[in-house]
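Below: the structure, in structure tokens.
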Amino acid sequence: MPEAVAVLEVEDVVRHYGPPRRPVRAVDGISLTIRPGETVALVGESGCGKSTLARVILRLEPPTHGRIRLDGEDITELSGAALRDRRRLAQMVFQDPYASLDPRMTVEAIVREPLDNYRVGAPEERRICVAALLRRVGLVEEFAERFPHELSGGQRQRVGIARALALQPKIIIADEPVSALDVSIRAQVINLLMDIQRELGVAMLFVSHDIGVVAHLSHRICVMYLGRMMETGPTETIIRRPQHPYTRALLDAIPVSHPSLRRPRRLLEGTPPSPSNPPQGCRFHPRCGFAQACCRSAMPELRSLGGGTSVACHLAPLADASSTQGDHVQ
Amino acid sequence: MLKYVGLRLVAVIPVVAFVVVAVFLLLHLAPGDPAALIAGENASPQQVALIRARLHLDEPLLAQFWMWLAHLGTLDLGNSIFSNQPVARLIAQRIEPTLMLAIATTVLTVLFAVPAGVFAAWKSGSTLDRGVMLMSVSGFSIPVFVIGYALIYVFAIQLHWLPVQGYKPLAGGLWPCLRSLLLPSIALALLFSALVARVARATVLEILSEDYIRTAQAKGARTPRVLLLHALKNAGVPIVTVIGLGFASLIGGMVVTESVFNIPGMGRLTVDAIMHRDYPVVQGVMLTFSVVLIVVNLLVDLSYSLFDPRIRYRGK
Amino acid sequence: GESVLRIKATGDLKQIDPLWTSSYPVRDMAYLVWDTLFAMDAKFNVQPQMVGKYEISGDGKTYSFTLRDGLKWHDGKAVSSADCIASIERWLKKDSLGGVMAGYVDHFEAVDANTFKLVLKEPWGLTLAALGKISSYVPFMMPERLAKTPPDKDVTEPIGSGPFIMKIDEWVPGSKVVYVKNPGYVPRAEPASGMAGAKIAKVDRIERLHMPDDLSAINALIAGEIDYIEDVPADMSPLIQAQPDLVMKARDPLGRSTQIVLNHTQPPFNNVKVRQAVQLALSQKEFTQALYGSRTERFRICPAMFFCGGPYESDANSERVMTLDPAKAKALLKEAGYDGTPITVLHPSDLKLQDDQCTVLVQALRRAGFTVDDQIMDLATMFSRRTNKGTVKEGGWHAFVTGWGGVDLMSPATNVYMTGACDKAWFGWPCDKELQDLRAAFFKATDEAERKAIATKMQARGMEIVTYIPMSQDFLVQAWSKKLSGVIDAPVSVFWNVSKADK
Amino acid sequence: MAPAPASGPGLATTVPAPRRVAFRRPGAAVIAGVAVLGTLVVIAVVAPLLIHDYVSINTGARLLPPGSEHWFGTDHLGRDIFDRTMVGSRNSLVVGACVALATTLLGVLFGLVAGYFRVVDSVLMRAMDGMMAIPGVLLAIALVSLLGGGLWTVIVAITVPEVPRTARLVRSVVLTLRELPFVTAAISVGTSTPKILLTHILPNAVGALTVQATYVCASAIIAEAVLSFLGVGTPPDIPSWGNVMAVGRQYFQLAPWIIGFPGVLLSVLVLAINTLGDSLRDRLDPHLARRSGL
Amino acid sequence: MIGSPLLDVANLSVTFGSGPAAVRAAVGVSFTLEAGRTLCLVGESGSGKSVTALAVMGLHGKGAHVAADRLALAGESLTGVSPARLAAIRGREISMIFQNPMSSLNPAFTIGYQIAEAIRLHEAVDKAAARRRALDMLEHVRIPDARRHLDSYPHALSGGMRQRAMVAMALACRPKILIADEPTTALDVTVQAQILDLIETLQREFATAVLLITHDLGVVAEMADEVAVMYAGRIVEKGPAAALFDAPAHPYTEGLLAAVPDHRSARKERLSEIPGNVPVVNREIPGCAFAPRCARARPVCAERSPRLEAIAAGRASACLRRAEIEAERAGHVLPCREDRHA
């Protein structure tokens, strides 16, 4: 990884909803750095605050607390024209390829909109630019005149990606861009994202709940649970030597890839508690098989374990073989 | 829940304040002078001037408004400037027929329009569906006075089944009262049903494509049960909403119906009062109407929780 | 059982004080509750009513009245001289004829509980006629405490001494008024005639219903839900005629009439020639036909300003009114230099009758070359607009249509139009010294022949300066069930003497 | 109201293949609706050009039944019902169209502003609530009293009580739409708020608005009839189906043609408008239109 | 575990609409399901899985035209039975749970009511008894604090709990067959594992046959005894799970298996993709429906329709070039197999 200035720095960001007395703690103190050309994945169960964090990073909503620096500039306090000006550096790809395209606009108009907004080039040039963008995401020119409902899911997601690329952002924030897609299409879009990233050197925050997909394309993984960061580190390390019991549980829950690999299931019981009423101490302790007294009382801080890995668990590092499946360490 | 109701009622204050000020201004800015009307067609200009002074109509608008507000503060709606009767008494006399008519109409509408809508949704696309919808739209497209005259002509004049006009108070027994309300409430229900049946149909149609309807069928429930239990309960919220919304337009229809069937209700009282610039009465009546409509809306909102358990009321 | 008379009258009873409004419904209903000292019989002769006997002194200046025995207010107290004096005094202040009479009155004097004297400054031949005046404002007798109500306040308690008692607690303004028989009423011995004679309540209860919809009312009469309709619109009479058990008749032989009123202060109507052009532009025939078609029994073409059928009927100077000649009207307009100033017609649209009349008027004016601004409004606006003396810009007006009953118009004493009192005149504000002088002479005149001659002169002058334009007369046709009997002919709809059979 | 279902992978919304909305041939009802409306519009435009004298009173020809001379008969002032009905179609259509247009414009303005700017929202919506708390007909009567009779007065009087409902509808559509990802997407590519309102939100509200507008149009034509019935409608020299019928109400039993002919035309028109409204809803935006209730 | 086929479907086809715009959502679908076994129906969105399941349940509305040579439950034919009989069978003999637990439970009734209703529709028990049985079932599906949740409305439950409640409702009358239409797609992986485990446990306990519909090959690998792969309304490959994963006999199956990213490999390589899009099945496609996307397609594939042909014990495939591909592939090892042997 080139040691350049970070594209995105998120510092202790908190986002609460609802009444301050008993807020929904959607994001509760997340820090994160993404360097140019790097793909960082954000994984966690539904409702853990991934999308909220993504929206806060783009300043689509204000953080309750914390700082966000985009390409070295603090955008936490920006608003209006200044914010719009910075926003072009970070673009988003959305989960739902159906809802994220205006059904009444043609593909061309959709991709062109950001160019118009920022007056990129002369109006005639934009047309050429749009054509180039569409080609880049693998759509032939004839798609330009179509409406979203005339496209398949994969094609729509490509349009979404083209739109995100239009302003040549430094970072792309992709919120579950493939989870609504079919298996065969998913592979196409993942490949496209990886190609683009490699070619353009753009950084990417890839939000997903599918650790399988994440492992495939990310350099680093951040595991979130109930608004908190549980573990973060290089993908390789996280997949092979997960230190947090929650990360392990996530990995354990992935279905096997061949019937002959079936094994007794190691279930993570229960569901995440409500973010408006998180448990005392470690957020994960009610579902954790290793929980000790200290887990119930004290909230563990994110600690570095070296090798770029940090874990928020009192018990880490965990003894290896005793608790994990052979699968994780090959 | 109580807290919710309380907060809702507090939230009503600005709305009512708006109504009060708007109605006051509207009326007092309108040309036309109650004094001239009180004096009568053949009165002399001097007599008119005398009455005008007596009614404080020559005072500035603001002074008149304060006078009325001061009365309102003591829960006094004032007296009619014509009959000199307390406005509260006039409203009390008139509210029963209107309320009974509204209730009878709503009941008739629910009895007719909801099953019609459900049926049309179930058989959607069929001739029956189109028939039901055509009927309901026709009901909406014929002015209520035409329907009223036609009903009177057929059922009262030709067949002698029901009275031509008039209202028998509830105190004289339920049946005579209902008999006197049957024709007017049918006339109004035809109008109202158009709205309700359409919404009922659209809602049920949408609900029938919901997953839980398939679930109900998958566990072996037969069609009537699916339609009337599983679908209808879920259709409750939009149907009740449209009934609540329709209530306001129902009042409009009532003004006409009360004239045609000679029912001494609030609608006629209001129209008379507006036409005669009986300011205290108009203000009192409009205040009552707005409170009634607000209460109806509140009831509608509260009834949502009967149909949809997801809606619970906490002060918010 | 109890006999109940259900009547549908025209208009709503909006208030109860007959001296507070000129409205006919209030006048009619007041007759049930309140009694009068004198009244006119069917032949318009003044007859004593509450008064048992009376004397006029030789100099014609002192009238002494003795009340009949047994007269009682509805609250049980006996009727006294003081009550009557207070009532007359209030009337003198409110009524315009009363105002004229007040000029003659010196003082009242209560002789005893039943007898009182009226002393005049000089003899006045119309004294009894004034006290027996039958149309608004009628000098009704009220208990002293009500009669003492200041003239700028209205009476709100219906306590009278008449044959019926109003149940104020059952009053639903805008819908229903209830009267019950007054068991303590002592009627006169003479048979009922006009407003005079025996007022015997023959039903136990009268319910006066306000029904805004004429068709519903007629259907209700046909269905037997009500017994009586005060005004059957001409076009709907076939519905009644088709019913064998209904009677249809005009009770008031005089009827009422329609007038076109022009604003004399407003150009171009400040020019007499332009006003006369309007006379030529209109046709009574057209007006009546528009309203009554060929039902000739419903109307009467009439050139008289003091009413056809009244004592001062005349056709003096009526050629312009009686001829329709748009061409001549145009010529007159040209002569007068009419410049096309729009004529603002106050056109109320919420009463069918006036709506139709205005529609005809507007068309006739346009035909004669007037530019017309046909201003649609409601009655309330029209009533208040016509009080506006300002220019059209300031909310003023040029013309409106109205109607009066024959009882009011038939005498120069009560006909509001026949003055030239300028600012003090009725709407239209005609200003004419000659007419004023004639009017004064009429009041001074002592014998009937002289009055008649003056009245004819007044009409000639009135027609000349166009104080108003008389359109046709028409008759208010009532319909009632054959179950009713004893309905008396009178210019005022009253319901004593009426009885209702069970079947 | 309902908690939005958590979005997981492979939800039912994933229909991958191009969902081209096939061109559906318009149904018989729609064709009939268009035909009726078209005919009436043609009549409304042409009739006043051909028929000049629809106000003349002819007292010799009162209450004539339909015949060769007067196809639809005459009214109590001898005016020809056919002429008045034909010319009246223009005024009725003008009332319907103007009210629908004005309501929609004002409703969109208030609704957009209220839906997107929280600051104005509460004030504006309280005012709208207040107006909705006054029964529409009564408000209209009061307005006619205030403004005096006339075609435009009637239009204003019918429009004012209708505006809050459209405004509320637009507001609710805006509130729904602005939470949709494509609006978020527009914000994130730097689209300004006014542009979002005009290019993303408004076009997507068109379906719901069209339905509402047809509904308002139909009810305005009826409301005009009701106002005429109450004596505060359009003046007699501006004939409309409403005031022709209002004149005819007394003659319902004696001269049913007065109320009958305009009545039938009114019903047919309202029916046609409603039919078109419904099919437009299905066509333009089934989803939003249905969600918004009416 | 060999029994007579509990569910026997032969040549089932479902068509929506008619004429040129008709959607042939299922064409010639045949399969059998035996007691206690799990058959997985896999395929991408729109391939006709749900349509097939609904046809078995007789739940299609009037828009659908269902035809089958044989559609029999334990020997009793389900084609043309009376609505009353069909209602009696549904929920008692054969139950179904749906993809989205959020919308499959009626939001207006309590969980307890809905489960008790399922019981009372089929058994003459009183309210209290049905309620007790409902409570039993809730405990069975391991809903914590079952007594309280009996009176909860669906919205108060998390997705996983709702799906458990659905399972409880479906199994309340101990049906012979449970059809589960993508029961875990809307759920998190951790919860998915819980639900799959639950279904497996109850299946064992009640000896229920399960027809599991999914698009996730991982779920298939976890659950299936038999697998049927659908594409564009047809079954393109069928066979025992292990054998099918070992050596997919149809290029589509092969492509699907290869397109799944595998976290264990952790190599940032391009995934193998199937080009093109999933087709809509609104017209008769000449030849093989998969041909336009198939890397192994030859001109013949666009002309002749392949038929599902038996290829080995219990296995069948619908590929014209199966034999050739088999040959081509000799020596070539699929990534997933390599993985497993690593």
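Lettered A, B, C, D and E in written order, each chain numbered from 1.
Note that contacts are C-beta pairs under 8 Å (C-beta built on N, C-alpha and C of every residue); 3 or more make two chains touch, one makes a residue touch a chain.
Since we're looking at a predicted model, the values are computed, not measured.
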item: Path length in the contact graph (chain C to chain D, fewest steps); value: 1
item: Interface with more contacting C-beta pairs, comparing B-C to B-E; value: B-C
item: Most distant chain from chain E by Cα centroid; value: C
item: Computed distance of Cα centres, chain B from chain A, in Å; value: 54
item: Inter-centroid spacing, chain D versus chain A (mean Cα positions, whole Å); value: 48
item: Centre-to-centre distance between chain E and chain A (centres being mean Cα positions), rounded to whole Å; value: 31
item: Inter-chain centre distance, chain B versus chain D - centres from mean C-alpha coordinates, in Å; value: 21
item: Sequence positions of chain B contacting 2 or more other chains; value: 30-32, 149, 153, 157, 259, 275, 277, 308, 310
item: For chain A, residues that touch 2 or more chains besides their own; value: 46, 152, 154-155, 182, 185, 209-210
item: Residues of chain D whose C-beta touches two or more other chains; value: 2-3, 6, 8-11, 14-18, 145, 148, 230-231, 249, 252-253
item: Chain C-facing residues of chain D, complex; value: 55-57, 59-60, 62-63, 76-78, 144-145, 148-150, 230-233, 235-237, 249-254
item: Residue ranges of chain C in contact with chain D within the complex; value: 213-215, 233, 235-236, 238-239, 286, 289-290, 293, 347, 349-352, 355-356, 359-360, 362-363, 374-378, 380-381
item: Of all residues in chain A, those that touch chain E in their complex; value: 45-46, 152, 154-155, 182-188, 190-191, 194-195, 209-217, 235-236, 239-240, 249-262, 265, 267-271, 327, 330
item: Residues of chain D defined as touching chain B within the complex; value: 1-3, 29, 126-127, 129-138, 141-143, 145-146, 148, 165, 218-219, 222-223, 225-226, 229-231, 242, 245, 249, 252-253, 259, 263, 266-267, 269-271, 274-275, 290, 293-294
item: Complex contacts: residues of chain C adjacent to chain B; value: 12, 14-16, 20-24, 26, 94, 96, 136, 151-154, 156, 171-176, 209, 211-213, 215-217, 219-220, 222-223, 225, 350, 377-381, 383-387, 395, 402-404, 408, 416, 424, 426-427
